[in-house]
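Letters A, B, C and D mark the chains in the order given here, with residues in each chain numbered from 1 onward.
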């Protein structure tokens, strides 16, 4: 479904990604793990079109994505939930979620999608008139997820969805992600919570200093001694 | 450090100082006088606006305060014309004092809000001068002129303004290289970070603001003397305030050379255009200059040439 | 770093060369040739653009006329006009440029307010005759010998004509209470003097006497105050924008004093053109009028009728023309372009302009000239003095038509 | 001091303030959303005023009706200008500064083009109702003020509803609050910036018409207007539509009250002085809330 081939990204003189490749197929839930600054967010942003790669190809459903602008990529069905959630602080919860359905392709179904999001996150329905900035971290993440769902993603990319959340809220978010995948959504999950991530995903990639160091089924990665020492602290 | 550089500058200054000796017409002296004046205004604005990132939109206020203070001192103390020029130094002091009083509350405000507060300040001063008879009133003030040939008096004015410009630029150059200047630049890039780095931001800002008010104050005094008659509209005009900002940013704020280039180019081009083209057309060309320069050199002329220089 | 410095320095040089080039060229353009160069600056853009452009038109009309007649002292005349952008500093610099670089043979006059005040000392220092409207009375009290108001625009005299007429109105019909609103600038302030003098003489009580600063965004409060104090004469001593705002407020609030007297806002053609009927019955003064029987006025009227479709030449058009007439006669009379001789000739002799015959005193001023005017049916009518009256004034002012 | 004077002067102050608010609301949006300080904003307002002047003079079209012509016209022009001038400078390190210098140049150009077309003479917009008034007891509501006020309320409400209720409007707010996330959800920043800019310019046109109903204008009048709209925007909080409207009201009230209580000579001084003090104590404007 999505294949990233040999991507290289530079920030000035510094290479943020070097020849990185990645493969996701329909219905998969794939993990991308790595330390801070290893290039996970950069890869996400390259796929979303926010950052242009120096070389390499990104193929989405047989079509090359390179050079397309973020809004076109959004239209193609790739939706990112960015790190830190990046909600619209001056807009209400409802407005934030509706903004997810901005793209004309999905705008028509917005009312039904909204109903669905509110039924998935009943807590948000009660707070629909509040400003997004006034919510708790967990609730904000739900808004971010809800907003992404409105866009009818075919590939949902989540960047650190549990960052800064209380353990209970984080667990809840992971539950929901798992649920979404069960319903058939393809997901790329970036997280520092390696154990949790590898336990819900089917396949995993490990980025180290801009290079794809390891890849393999999540189960195997969990047993990998290198992953164990570097990321699981075992 | 390139040694040829200061030497070349020194030669340039000497050449400028010697310019009246070749016997140019009075107009050239007057025109150069106004170029120097704008260089002083733009460069001293640059202390707070360019280095510190606090875009003052009311700098004409200090210019005007200097002008009126000089005229007022001259008439109150019955100064002879030559001493009037010296009166512009205490007048600059008055401008600096006002800057100290106003700067204290205003410099706590950041970004565009600071710009608008200073804009309001300029209006308040302008209207105060017009409304209060003691400060000059709406009639304006006349200054006595020197009892010497016109050429001599303009030459004196030229040399004095040149001297003031050299002093201003020396301060500006020094600022760019001192810890003071580094502190200001840190404030511009991120004031909160600067604070955590134990930079006394409040103190630095006030000092820079006061300094940036002093030189326009003195220049205003000389300008009043140059005009012979001053009126609030002539020295407090919002156009002057905006022009000062544009000159500095046009050349490239935050560098000591940028404001000089901006001031020189804009003054010369404006004067030249008035000479060659029909009035409205001249203004349109002048306006287009801003657009073209911004589109091709969005970060100022200095930055553009720096980059070009870096590549070759 | 080293590279940068060199670049910086080359920038410096480029600017210096550019600067030099700009300055050198104009000097080369004008020789001492056969033509007489008359130089100066006018506000062709910016706040005083309207005034400046009319003055320019008046001057150019004069130049065309004299050139077809064979020129001044047998030499054709040519203007060197700079646009000072309504900036006093620029006006001074350009005056010096005209005198010292262009070496103009004659200097032409400027526009009212502050610029004339600053250019007069320049003319004095360079010993150039400066014929202009001057900057009201104060500017003529500075002891300049080369400046002439020929004719001047003198705020201190502006209401003379009107008051002379008002003095002929029987005492019981005269207004009793006056509201005086004055714009806070040299022009406005110069108007106050004659109001003070005459209201005392005519026993009119000044109930409201206030100044305001431009811009006057709204005049409602001013008019309400005047109305509440039952002032039956309104002095609106201002320019066009504030004058219009006040008139509109007066009509909307249905304020009907016996007379409305306006400063210099109502003398521009735009007043009649833009306000139409609402601008009617306003009293003011003037120095020049196409309706005066002085020679030349008919010619000017015919020209503006043909070129600008105006019934009467605008004040500033007339000024531009009249100053040039004065200069022309002085040059012809002195038979030289030597400034001091021209000045001395002017001090001793009489000139005949479209504003009548003028002789100048020590200060460079003629005897006070002013004609009372009133706008009637969109036309400026002369109401005073009696001998030039074109129409009986409409007094008291009719109530606003609704 | 009597009540009639105070209330009358408050009424006209408020009406005037709202007109400034309409003129300022677009300025506020371009500043907030695009970080472009649009110095030529008021010059576009002046173009609106001149267009409606010409339409009234030569076709007898009422200024309010002519807004229907000049507003779309300005919208299209502004779209072109955005592509031509504003978009290239979005790569500047400091968009605020670059945009100020560029639009300052644009303002000079526009002013002198107007001077060439319409000449330097002052103009007054005089529709048939220009000096009539609605009389309610001791109070007078001048028709031009009423119409200008109405146009302003209408314009500001329209902008508010646009931002609040339409997808495009929400995208404008989103792009301003969180440009990155907005892009991820399909917002094309350039397109949104263009719409914002064009919308701002067209409200300026409407604001210019309203202001022309109150005061006379000349090609250089925009310099004066710019100062007032700057104040309205800053007092209201940059990018804040409701705040801008409120600021218009407040400036109107300050002016109105000072007109009633002070010698007129001090009105402008007090207005600017109070605004300066206000800004020192509330540097972020009336409403410190991102969004509307």
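Some notes on this structure:
Everything below uses one rule, namely that a residue touches a chain if its C-beta (ideal position, glycine included) is under 8 Å from a C-beta of that chain, and two chains touch if they have at least 3 such contacts.
Since the structure is predicted, the reported quantities are computational estimates derived from the model, not experimental observations.
Here the chain-to-chain distance from chain A to chain B, counted in touching steps, is 2. With chains reduced to the mean position of their C-alpha atoms, the one farthest from chain A is C. The central chain of the assembly on a C-alpha centroid basis is D. Between the Cα centres of chain B and chain C there is a gap of 33 Å. In terms of their C-alpha centroids, the spacing between chain A and chain D amounts to 42 Å.
Chain A and chain C have CA centres that are 73 Å apart.
Touching of two or more other chains is recorded for residues 45, 184, 211, 213 of chain C.
Residues of chain B in contact with two or more other chains: 127, 131, 239, 280, 283. If you sketch which chains touch which, the pattern fits none of the simple shapes: not an open path, not a single ring, not a star, and not all-to-all. Interfaces, counted as pairs of touching chains, are A-D, B-C, B-D, C-D. For chain D in complex with chain B, the residues that touch the partner chain are 31, 37, 85, 88-89, 91-94, 96-98, 100-102, 104-109, 111-113, 115-116, 223, 227, 230-231, 234, 238, 265-266, 268-269, 272-273, 275-276, 279-280, 283-284.
For chain C in complex with chain B, the residues that touch the partner chain are 2-9, 11-12, 15-16, 18-19, 22-23, 25-27, 44-45, 82-85, 87-90, 92-94, 96-97, 99-101, 113-114, 117-118, 120-122, 125-126, 138, 142, 184-186, 188-189, 211, 213. For chain A in complex with chain D, the touching residues are 48, 50, 69-71, 74-75, 79-80, 82, 86-91, 95, 98-100, 102-103, 107, 131, 147, 151. Chain D meets chain A in the complex at residues 167, 170-171, 173-174, 177-178, 180-188, 289-292.
Chain D makes touch with chain C in their complex at residues 2, 4-5, 8-9, 11-13, 16, 111-112, 115, 119-124, 126, 130-133, 140, 142-144, 214-216, 218-220, 224, 228, 255-256, 259-260, 263-265, 267-269.
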